[in-house]
Amino acid sequence: MARGLCYHKDGSVRVITNNLKLLVGGVQLRDGVLTVTDVLGRIFTRAGLYVLEMERGYASTIYGAHQYDPMVISAQQPLSWGDPYVDILIALDFDSNPDAKDQPNRDTVLRHGRDLKDGGVLLYDSSTGEIPTGDLERRGVKVFPIPARNIARDELKKDVVKNIIPVGALFRLLEFDADVSLLRGLLEERFLRKGREIVDLNLRAAARGVEVVEGVLAARGWTDAGYRLDALPVDDPRLLIAGNEALAMGAIAGGCRYYAGYPITPASAILEFMEEHLPKYGGRAMQGQNERESIRAALGAAVAGVRSMVGTSGPGLSLKVEEFGVSGVTETPIVIVDTQRAGPSTGMPTKSEQADLFLAAYGGHGEIPRIVLAPATQEECYTMMVEAQNLADKYQCPVFFLTDLNLSEGRKVVPQSFFEQYPVVVDRSTLLREDDLARDGNGYKRFAVTETGISPRLVPGTRGAVFKVSGSEHDERGFVSTDPSIRKAQMEKRFRKMATYLAEDAKPPKVYGDPAGRPVLVGWGSTRPVLLDAQQRLAASGTDVAVMHFTHLWPFNTSAVKPILERAASVISVEQNFHGQLADVIQSYCMVPVTRIVKFNGLPMYVSDITGGVNQILAGEVAVVRVGVEAPVPVKVSEGD
Amino acid sequence: MTDGAQTRPAPAKAAAKIWDENAVPRHRIQWCPGCGDFGVLAALKMAVAKLEITPSQTLMVGGIGCSGQIRNYLNGNAFHGTHGGALAYALGAKMANPELQVITLAGDGDTFAIGVENFVHVCRRDPDIVLVVMDNGVYGLTKGQHSPTHGRGIDKEYVLEEDPPPFSPLRLALTAGATFVAQSFSGDPKHAAEIYVQAMQHKGFAFVNDFSPCVTYNKFNTYDWYREHVENIPAGHDPADLGAAWALLDDFDKRGRLPLGVVHAHPRGKKAVKRLPIWESELKDADIKPLLQMFR
Amino acid sequence: MARGLCYHKDGSVRVITNNLKLLVGGVQLRDGVLTVTDVLGRIFTRAGLYVLEMERGYASTIYGAHQYDPMVISAQQPLSWGDPYVDILIALDFDSNPDAKDQPNRDTVLRHGRDLKDGGVLLYDSSTGEIPTGDLERRGVKVFPIPARNIARDELKKDVVKNIIPVGALFRLLEFDADVSLLRGLLEERFLRKGREIVDLNLRAAARGVEVVEGVLAARGWTDAGYRLDALPVDDPRLLIAGNEALAMGAIAGGCRYYAGYPITPASAILEFMEEHLPKYGGRAMQGQNERESIRAALGAAVAGVRSMVGTSGPGLSLKVEEFGVSGVTETPIVIVDTQRAGPSTGMPTKSEQADLFLAAYGGHGEIPRIVLAPATQEECYTMMVEAQNLADKYQCPVFFLTDLNLSEGRKVVPQSFFEQYPVVVDRSTLLREDDLARDGNGYKRFAVTETGISPRLVPGTRGAVFKVSGSEHDERGFVSTDPSIRKAQMEKRFRKMATYLAEDAKPPKVYGDPAGRPVLVGWGSTRPVLLDAQQRLAASGTDVAVMHFTHLWPFNTSAVKPILERAASVISVEQNFHGQLADVIQSYCMVPVTRIVKFNGLPMYVSDITGGVNQILAGEVAVVRVGVEAPVPVKVSEGD
Amino acid sequence: MTDGAQTRPAPAKAAAKIWDENAVPRHRIQWCPGCGDFGVLAALKMAVAKLEITPSQTLMVGGIGCSGQIRNYLNGNAFHGTHGGALAYALGAKMANPELQVITLAGDGDTFAIGVENFVHVCRRDPDIVLVVMDNGVYGLTKGQHSPTHGRGIDKEYVLEEDPPPFSPLRLALTAGATFVAQSFSGDPKHAAEIYVQAMQHKGFAFVNDFSPCVTYNKFNTYDWYREHVENIPAGHDPADLGAAWALLDDFDKRGRLPLGVVHAHPRGKKAVKRLPIWESELKDADIKPLLQMFR
């Protein structure tokens, strides 16, 4: 795959326009990495460019670890985040790592320099002196040292504006926003109420960044940096939105009015969003005092008739397992969001993984009906959450909504019209109305045995009837019973709901390309973009594969999947976990062998991981490819929990 | 199941009988003959009848244990989830619909052992719900193991981690900030009923610890033992005075007596909240557009 | 299958000797059902007969529900508990069920009369009057009304001896223990310290039972009841022991010295056994204040170096899920006993089920190595528990020990010599000794990456080294790290332990009969006896099937299983759960289709359930047989949690 | 990792330095500059050095949070499991091996929110372990949400269930029966160290609530705020007197002050237990024959 600059046949170098990947790195909490990428992301979005920021690089400590935030910027919606290689590296850290004294340079450069493309750009804070970058320059990298920290501290006398200096510098070398209109606009929105001088100071900082860059360009006799970004006309307003934000809005749109969560990375953002906004819609959000209080309170609200949801991540999901059964047997609807992170146990709280499928599908003693969904994109975080709210209501069981850290926190450009125009439906037809009761008189049975398995649900307070609901096995009225025939009838009734779901609501996996006689790449959740990107890249290199992507994972849709996979030449599952959890499920239900490309080292799945893995597998070398280098990162830093 | 409300209007007289409907018939109640929980059941029925509550407006959340079964022994909506979780379900239900009369009914093991995580925090949150604990000092349903209140009145040293001393539910509730703390004795259902009535009338979390002897597994804290040790709280006591509440507990402890009545009652100022939107009509015109602006 | 009496060709009736099934029923807590069966069980055992008492019939309330306790008695170790049909029914309840006023008889007769074989025996307490038993007598049932309650109350003036009257009666009609030596022996052991008169009173009670029976025999002109039991010479002493007792002793023998549990049916008995006996072996047992305190304290003890175990059932296992991960990542050994009961949620706490396999194998966020064992018999509860203790130590991960209610509480005759002669091995060679440290000096690494995946474990307090152990991902020394290569190495190291386990310790499933070209019945845990019984009965009716029974369930032993099942004509899984959980696992790993006979109504799996199911499946009628009648029990009683 | 014990004998002087071994080097500690936990770390090292404890004899159990990371910032065995579980692991470890010096180090969220289920019952069980809570009023590691001690000193009404008032860790500990209850301030590590020493010397469960400011997420309870509000417990106070302990807390509360020092210390009579059998040699001749008799 093409690395670095594009060459004309005549060998002259062309400037790459509106198509680049940059990475901003620095010390967590101190160097303002996210401040910089937020400014960049919003401005590029407003400029009509597509921004994709799906890789999260931070540690589970608050201060001092290395943080980085890669960003793809292009004229069209990028297929995926692609590969680790970056065109432009912005290093905000200005001090040397005490564990790398021998290498007098910075974590960011040291860690990501190797991913910098030949002919790329390095922009680093040289406040504590310049660093040897010969090796990079030999690869054609253009290096721009900027003493940002010093400029801010000594010239501008305000440390925080240090973050704007590299922004100005970057804009200059991308020949972007030359009239500073976009930057000024954002700064004014943010700081004007604090006073014009703050805005001006920031603009001066940006200008200083421009000066420094121009100084370097002049000194080196460079005409350009090899990359540029041109603002494009924006048809309709665009949003730069994260998965957590999209799903939280989807919940509100879908009628969720009670939310509870216990803080946990990366689900906390949902709790904070709900605490701030749900009350505006007449709802309530509560920070639980523990994992169980949150889901139990949410179940209580659901028993009272309110659409209710909890959000958590791995460890919190494990602590909620007993409540899965309560929801299942009492037939109380609940949507459970699991923003998957790297486990097991505390694991790697700030790394992304897809390793909770087993827990969602099989977790809990005994057996209950349940639905497991996994959106692939920010858009689906919104639309499928609306769907999840309706499914929970209809099937009166837990509905698991599996995202992962990169999808939940990663940001993507979505047109505002997408949200405005999506037709939201809120269907609560399984709830009994008072007049329904009046009609069928005294005979209300909460757990009536029905064809579909679905029994009309009473909202307590409705005059004319009461329910007796129990986590113990019960008869149709809800009274505890162990009569073997009643038990059998209730178990079968509950599981008939899953047959009904498969018949009426389950969406089959999306298939891209023709699977017949071809290798089929299967995947689920957030990896769809890289799967499709890899499919194209493989096609380009002469390997035609089909892609089958699951968003509706459980109950497994055998009749929709088995016939297709049986026609495939081979099945290769691509997952961010150790076992290939979906692969095991597919083998169980379809009984076709599934080879695997798995990645569980905390890094995102890259296109090259898939193409490389597929080639190995198709070459018959291996049945399982465990992606990941064996070499440790060049800089050692300790980390937290 | 009808709550009877619709078949007949619910005047005070009729009320009492309504509570026998939609319930396990008396002769099928599976408590041991003489179980204290019979007294709690009687008192509870008196209280709801007295307050003329409609069963359909009630939500009882039962714990897991012999005690928790009470939820099915009288009319009214009933929910029952996991062991130790009753208070948390009740909290959520009440937050969702303040119009419901939410009554939590659980055992001492359920509430103070596995459920203490909820008890402490619900005392702080102060939802407007009632909790009646049927305190018998044992895990009845699992055949008599010690609960956190086991050992009440037994004079011994606790010298091993395996064998912790009992604690005082009332003190724990006060420490955690409960706004209504009372104690009753199922051996005297009439008096217990009066206390339940006050608990239901209290605006905020109302905790009643009810001594409800387990005749099968607790041969020490028997009806007779309680009769010898309980003592009504003197008329002069001002429940609104937290200091007085602590002093009263100290005084009773010193004298080796167990107080019956309202130890503390002092409602907190609360913000009134409406029932959360439930019906399509209430949900359909939720406009998320205003939220979108923050992502530009 | 033969029901009732055996007929000679000449049509005359033979008395059945040393081969019968009886059932004692009555009101829970009041009628002393278990007192009677305990007396019977012990005396028959001492008489050299084999007693099998594997079906538990009680409710999750303390008082008032119907309780029953079936018992197989025979000269040889019975193959299994067979079928619901009983030869002798003993009804201790003397009052009528208010919900069955129209039927003036007792729950026990009403519920179990239909299972009484033609020509069987009914013995009931007639204190409140005789009951119409015409329908039974028409089937040749010999009926013996005994006013036991009245005799005890009015003649003997001591209510409790009412339980001994039917014992005397039964012995008489079985022509057993005519000299009362066995009964006297037991009574003296129990009551002599309380005074000779208690013993005599009980003996008088027994004698009154004898008189009543002789009265009936005389009146009816019966020479015998059609059944007799003859005491047999006992080679070596025999024990009547329950699974919980056997596994608790196995744990002690296997070196477990810390036990914690939170009371729960049917695991509480293990806690009580350990509290009483573990201290005698220098150990400690603690009743947790909740499910998590118990397993966390047990893990703490294990961290301190002590072999440690917890016991629970479904709901408690669900609440412990997060700690599975702690054990897995911190590599802290723990044995987790799950005495399975019918779920989900509170479910049916006093009914048996095999529905926690998914939870044990897949429960928990993220992925950990784990071992799942399921003994089939009381003997294996002992021997496999010793094994479990060693496996946990060697592989430093959770070892799940799955029994079920019937196996844990059910009793069986086992020769004492079995326990005395079993060679117990306690192997703690993965623990570091102080001198090991001295040898390899300062370099101790708790999570050293090794070939086997096993890293030597330090006992804290050992001078010369310390460990840093964390539930977060870590480097070899245990310091927190998210370095992708370190993560990959540690994940792979942990899972290499499972490869090592499969190579060195996993026991393949036992295969009975030749699977090649035949249907293979697969099962796991406590159902082995009925599987083998069904195999014989099927053979007798001309259907040859093989049986494959699993005790070592996880990690799944594909290489040992797949080749066998691929040679089979068909695979039929027999499980006490809804899905056929093992069936799903087999399909996932072996990719052979598995049909299922599942039972989840709370009743034990009977031989006729299997033979019937197999015939249906082989006839090609269905792929899944859900065992259980649709008709509710004739008497409605409410039940508790 | 060597504990240094074997490379050199551990005389009092050397002791201090030993505690820097087998630990994350200072410059890699990832607490915010100025985090109160630095003070706790300093105090903890002073205390163990003063008592000349050997690292290999120590077991630190860390909670989950910024605070819990302290376990890796000094020498000694360290374990870290699930959020809220630290005390329960510590309980089991100490029951298994009483010779270990077990120190539990956790945050206020870990201990009083999700971990209160263990806190209350461990106070009752009274194992001979130390608990130092780094109380900063927030969930630091998850970016500053409120913990159960959030709102200390803030004068406001708590009118919704979502927003419960803070509670007092010291009162909760006393109510639950803790035998050693103290408070310290990481802004004064020397004084804190003295209290840790007493806690480690106490025979039984020793709870120290340490005010450890979160400079990043708690802008109200700052060092300065604490300096203005803390006050040493008067010399006259008798920690053995439980009544005096309660009175002292009441008095400080009335005066809007926060006590520093030992509020209560009154060891319970305990049964001495030996380390449980670990080694094959200790396990091999366990004879189960005596148990078999009961099954005949």
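The first chain written gets the first letter, and so on, giving A, B, C and D; residue counts start at 1 in each chain.
Here is the rule we use: a residue touches a chain if its C-beta (ideal position, glycine included) is under 8 Å from a C-beta of that chain, and two chains touch if they have at least 3 such contacts.
From a predicted model like this one, the values you see are computed outputs, not experimental measurements.
**Student:** Quick check on the interfaces: C-D is repeated by which of A-B, B-C or A-D, going by over half of contact pairs matching?
**Tutor:** A-B
**Student:** When C-D is set beside A-D, which has more C-beta pairs in contact?
**Tutor:** By number of C-beta pairs in contact, C-D is the larger.
**Student:** Need the CA-centroid distance for the pair subunit A / subunit B, whole Å please.
**Tutor:** Centre-to-centre distance between subunit A and subunit B: 43 Å.
**Student:** Round to the nearest whole Å and give the separation of the Cα centres of subunit B and subunit C.
**Tutor:** Centres of subunit B and subunit C (C-alpha means) sit 37 Å apart.
**Student:** Quick check: what residues of subunit C touch more than one other chain, meaning two or more?
**Tutor:** Answer for subunit C, listing residues that touch two or more other chains: 59-60, 284, 286, 289-290, 315, 322, 325-326, 330, 345-346, 470-472, 479-480, 638-641.
**Student:** Please list all residues of subunit D that touch 2 or more other chains.
**Tutor:** Expected reply: 24, 64, 69, 72, 80-82, 91, 94-95, 113-114, 116-117, 121, 148, 161-162, 164, 273.
**Student:** Quick one: in the complex, what on subunit D touches subunit C?
**Tutor:** 1-3, 5-7, 22, 24, 54-59, 61, 64, 69, 71-72, 75-82, 85, 88-97, 99-100, 117-118, 121, 273-274, 276-280, 282-284, 286, 288-292, 295-296
**Student:** Please name which positions on subunit A make contact with subunit B in the complex.
**Tutor:** The touching residues are 42, 45-46, 237-241, 245, 249, 252-253, 255, 257-258, 260, 277, 280-284, 286, 289-290, 292-293, 296-308, 322-323, 325-326, 330, 416, 419-420, 426-428, 431, 437-438, 441-442, 444-445, 458-472, 477-480.
**Student:** Can you name the residues of subunit C that touch subunit A in the complex?
**Tutor:** 59-60, 313-315, 317-319, 321-322, 324-326, 328-330, 338, 340, 342-351, 353, 355-356, 358-359, 361-368, 470-473, 479-489, 491-492, 495, 577-579, 584-585, 587-589, 591-593, 600-603, 626, 628-633, 636, 638-641
**Student:** Considering the complex alone, what residue numbers of subunit B touch subunit D?
**Tutor:** Interface residues on the subunit B side: 91, 94-95, 113-114, 116-117, 120-121, 124-127, 148, 157-162, 164-165, 167-168, 171-172, 175-177, 243, 246, 250, 268-271, 273.
**Student:** Where on subunit C does subunit B make contact in their complex?
**Tutor:** Residues in contact with subunit B: 29, 59-65, 98-99, 262-265, 268, 271, 275, 284-287, 289-291, 315, 345-346, 637-641.
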